[in-house]
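What follows is a pair of complexes built around chain A, which joins chain B in one and chain C in the other.
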Partner chain A sequence: MTTLQDHPVSGGQSLPQLPVARRDSLWRRFRRASPFALIYSAAILVFYTIIFIIPFGTGIWLAFQNWDFITTPKFVGLRNFGRAFTDQYFWWALQKTLLFSVVEIALGLSLALLFALALSQILGKWQNIYLSLYYLPVITPLVVSLYLWRWLYRPTGGAFNTLLSSVGLPEQPFLASPQQALWAITAVIIWAHLGTGIVLFLAGINDVPESLFEAARLDGAGFWQSFFKITMPLIRPVLVYQMVVSVIGTVQMFEAFFLIPGPGFSTRTLALYTYELGFRALNLGYGAAVSLIIFVMLLGATVFQLRRWQIQWEH
Partner chain B sequence: MARTADTTRLHTPLSPFQRWIVSGKWTKTVVFLILAFFSFAMFYPFIWLLFSSFKTGADILSLPVTLLPKRWTLDAYLMVMDPTRANLPIAYVNSIIVTSGTVISVLITASMGGFIFARLEFPGRDYLFYFVLSTTMVPFLTLLIPLYIVMRELNLLNSLWGVWVPSMFSSFGIFLCRQFVYGIPRELYDAAKIDGSGDFGIYRNIILPLTKPILSALAIFVFLGAFNAYLWPLVILNEEKKLTLPLIIARMANRFGGTDYQAVMAGSVLVSIPPLIVFLIFQKNFVRGIALTGLKG
Partner chain C sequence: MHKTSRRQFLKVGAGLGALTMLAACAPVASEMDAGSADAMEEPLDLVVWYQDWDGANRIMGWVQPEFEKDHENVTVDLQAIGYGDLLNKMLPSIASGTEGDVMMMYTDWVVATDITRVFLDITDHAGGAAELEEKMWPAAFQAVEVPGNKVYYLPWLAGIRGAAMTVNTVHCDEAGVDYLNFGSYEEVIEAGIAMTQMNDEGKVTRSGYSIASSQYQLLWTLIWQLGGDFFDRETGVWSHDSEVGEAAAQILHDVYHVHKTVDFELFTNEYEACGQQLVSIWGNGAWTMSVLTDVADVPADNIVTPPLANAAEYVLYPQHVAGYGLSKRLADDAAKLSAAVDFALLIVSNGALLQALDFYSGVVPSKGVYNDPGIGDVKYGLVSKRVAEGMWPYARYPQDHVAQQGPAAAEFDRAMRQEISIQEALSNMDAYLQEQEDQARERLAA
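What follows is the complex of A and B.
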């Protein structure tokens, strides 16, 4: 018989002999599990095997082969990866990808933050109306936006050049120029993606308790001071999330460079290069190797960003 | 007496303009005007799109270019709607099939997965969940070439099945729903269990209705993703009758782009309508959905 004093919680001297819960065997746990869960798990496992495990494995295998869809694949060891390092086109593509991603993200996120900050000063109906307008390019199919902008960018008779010459500025070639094409496309993508950032940042800013701003105001903090000292730290998770997602998105951006390319190789990024290697040049092994390099780069970038953020977060 | 005179001068009522400046409300007005200007700038390309689609072929290429049509006409719309000249109507059907298939399958698999991974117990559950989550770390671009080879082996090339199959499950959707189901009191599940409901019954009668808010938010994202998808359909489909809307727009731009740009514009307007409708209908859920996803920190 256990008395109150024996009870471990009530401060008894000795612990009573509690029966240790015996771990069920794997088979019994399976039998006890609901069939619903097991059927679903089987389905999801089959799905990811077909859609993920097999392709990923094939991709890694392919990166060590030489294959053109027709002849039998030939093992070439690490030659595909070695080739990437000496391939001028690969380095150009990498350079274009980095230029595009860095500018798109830096400019795009800063603009989105500015817009969200301005929108947060306006409350009620108008905030929603502006938000919907800014979000319109996001919901428009990118293909539509791209051809629309190519139309506006036309060197002669395009809307932008008409606008430029009407205020006395020289007309620009935009997409027709190797120097301007990449930036012309970057502008389209910033325009097309701005709404996503604005909506997320605005949701973050609106979530900051008003009392914090009130307290800062009473302590004599100005608008920008409370922005950098209160808003920024509190919306940092959104900022980091948006940054990580944007890096993954911009590096994989394909349509823009495929549909409205600049002359020559001026806008051929890694995404387009992979596609052309795989489906135009039919150099599947090398294409798979390039796409694996992209995977490793993106993984590194993501881990780096999350790490960096974590360190600052702890401070 | 002098003191009274002083106070009256101090209390001279300010003009509305002075009051506006002193009260600091002018900053709001300036912000408002700047936002108005930029929202116009954001909207500007769409104005060109809309007006150009009502132009005639000669009008759209004439110089100097004008925003408004010289003569309003529906020719461009009639042209792209004519099955003998453009395959837009067929592409509409294809896009609706693929998009609705994707949305429905993702909503079902995500809500089921959310419930199962959050509440039911079976061996290896968490391993399976983390595996599903880890697949998002591999970019689609890396899987593009090998996935195409797999689809070729499965004989799914050049069919809408091939477009749909890889997007039946969404790891992001499962993750989202799992987070949401954790917020539903466990007691509801336990009570239904004691009442003798099976797990599928609980999912169908309790979890599914309760996860509606997150599902409608997820539906918009999945809809936009599937409807606007370009790269994967491009790789899978090549027969003209099988193409989805974004692919058809690209083909039209290449075919008519030199001479009949108004047709491309009209096609673009028609393609932009379904996402717009979905957005307008679900707008409230959408903003709420962003709050629910917890993405805002």
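What follows is the complex of A and C.
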């Protein structure tokens, strides 16, 4: 390591050697900490331990057992994990989850971005009015929305089919069809969460300096050129955040598939499968193993996304 | 202002924490430590968990004051809990010792575990197994495998999906169907064909007979009626995939694709469709009659599912039974146990059941209530009597150990929708059920 002595100042005089800063030990820093800081830290640590560490640790232990709450837990080693790889229901649930996630995220984020872009062109109070309208589904309890849509989707007498038949189009089974049920639910979820994306994207778009657009216009750039060359790169942090949160949210989505399921296995996602294993089949060990597999998948996906789309430059 | 140093603060905090721990370690005086006071006179709190539905709330509204009249020292804490919540919390609560004293349960919630560790053995407290089976139909105690001749729950109500059918009486009148005199299952199908309505494109617009909600239960019923079986209690082997299994499944498959009395795209939920009067005969359970009549003004009546014309034996699978179990904690508290037993017996008493049959059209396992002179005075008394007396003597349960039949039912549904063959569906069902059965037996043996 070079020191000041390697680079003497002009005049031939060397600077006095300064003491090298030493990093305090954990104990020394603990002793110097304020009592209130210690109390707050301890409280959060206790809370985190109760809410996360203990349940997570119990889940890991459970994944190696065969247990039903009541009988004596029986250690089964890696059987539950091995079973997941040979369990066709696990792979079907994974397939449904991936299909739902990919379509919901792609369509949901695209629509949110387009709506936000459109709203960014509207100035004044009308922007807020439209934003409020789009945000209404977000603040409506999801259970209420789901039951409303279940009524809309009724094959006989439902609003959608009444509308379709009134314009001469064939009625659709929607939730009664194994082919349509998953997409019917996807549409509901996109509708329910669109407002959140619009708000976040609009905030990002509004944050882009107007001077950049002016400069682009002076250089002859059109609307879409400005969008792709200026807006998109600058709202990238918002986009990455939305993608990460959406992946986690879609994989964990439970209410929709529980309350308005499609026939058979057509809408049985991993979250629903895990719930059924634990609380219906009383197969807690296998349910915990599937939960851990989901956790590892989500962790991997999150790390991948954050690293892949990490911002390399500052503006 | 005097400032507290960190060292002083930590000393005071440690002292307070030590005092708190000492206080927590102090033994709690129990009611039985009260000394000379008579334990039976000590005030007691009895916590009762039951499924939150209008009917149960009304029944408890009658039971609670009746009970407290004769038990002045007991305060009953009734906790109405939604079906899903009650299902999810019951076993974890029992495992952690925080369960209610008296708990409503469904027998299929406990088939996959050891019922002797879930509920208290109340055989002697309730008067003995023989006496109970004298008062109630024995089949109601056979929904769960129990060791010996013990009683771990008091049967209360049964919706009997698949073992009973509900008819829209107006549809039957219009078609001239004499639903009270079906001689065979085939006659039900014929009536369903007569009452089915289709549009010009051949799409069913009203189902004459729907098996959508009861097809899985009917499969078991029909396999038994054809002289076969699908589960061996002794070996724990599942065997839907057999000649008899295929024959039974084919009967149900033909309802959809040959007789066409129901269409998969007519409704998402059969129960809602019945409320829309889109179904003429359904098998979702005798309980649906009262709910649809009282809430949706559907003119309905119940009948017992008749046997196949060529049935080797008349057997019916009534799915599950709702009952009440007592907490095992009560074994250490004689006074509370006595009160809990009295409360549970009052719930299944003739008086309470008569109250129930004023708004509940399912069946009860109690024989006595149907012989009560007041049975004709309650709204659904006579229809429940007709169905109960026609069903219970023929009821049978497989006594398996699979709590979640859903995936097996879904596989069967795939065969009904012609997504896979019947044989493939039955084989898939056996594979799933066998795995669940083996895991349950492994736990029970541990």
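By definition in this document, the second predicted complex is superposed on the first by the 279 of 315 C-alpha atoms of A that agree within 3 Å, B and C clash if a C-alpha of one lies under 4 Å from a C-alpha of the other, contacts with A are read in each partner's own complex, and residues count from 1 in each chain.
FYI, a contact is a pair of C-beta atoms (placed from the backbone, for glycine too) under 8 Å apart; a residue touches a chain by one contact, two chains touch by 3 or more.
None of the values given here were measured: they were computed from a predicted structure.
Judged by the touch definition given at the top, the superposed model places A:L133 against chain B, while chain C stays out of reach. Once chain A of one complex is fitted onto chain A of the other, the partner contacts of A:I105 are absent, as it touches neither chain B nor chain C.
Of the two partner chains placed by superposition, only chain B is touched by A:L299; chain C is not. Applying the stated contact rule after C-alpha superposition, one finds that A:A281 touches chain C and leaves chain B untouched. Looking at the superposed arrangement, the partner reaching more residues of chain A, out of chain B and chain C, is B. When the two structures are aligned on the shared chain, A:P173 is found in touch with chain C, with no touch to chain B. In the superposition on chain A, A:S34 makes contact with both chain B and chain C.
Of the two partner chains, chain B is the only one that A:F52 touches; chain C does not reach it. When the two structures are aligned on the shared chain, A:T156 is found in touch with chain B and with chain C.
Applying the stated contact rule after C-alpha superposition, one finds that A:L182 touches neither chain B nor chain C. Shared interface residues of chain A, touching chain B in one complex and chain C in the other, are 33-35, 156-157, 279.
Chain contact summary for the complex, chain B toward chain A: residues 27-28, 31-32, 34-35, 38-39, 42-43, 45-46, 48-49, 52, 61, 63-65, 67, 109, 112-113, 116, 120-125, 128, 131-132, 135, 137-150, 154, 165-166, 168-169, 198-200, 203, 224, 227-228, 230-231, 235, 245-246, 249-250, 253, 257, 261, 264-265, 268, 271-272, 275-276, 278-279, 283, 287, 290-291, 295-297.
The touching residues of chain C, when paired with chain A in their complex, are 4, 6, 9-10, 87-88, 91-92, 94-95, 112-114, 117-118, 205, 264-268, 272-273, 276, 278, 402-404, 406-407, 410-411, 413-414, 417, 419, 432, 436, 439-440, 442-444, 446.
Contact residues of chain A toward chain C in the complex are 31, 33-35, 66-74, 89, 150, 153-157, 173-178, 263-265, 268, 276-277, 279-283, 286. Chain A meets chain B in the complex at residues 26, 29-30, 33-38, 40-41, 44-45, 47-48, 50-52, 54-59, 62, 115, 118-119, 121-122, 126, 130-145, 147-149, 151-152, 156-159, 162, 191, 194, 199-200, 203-204, 207, 234-238, 241, 248, 251-252, 254-255, 259, 270-271, 274-275, 278-279, 284, 287-288, 291-292, 294-295, 298-299, 302.
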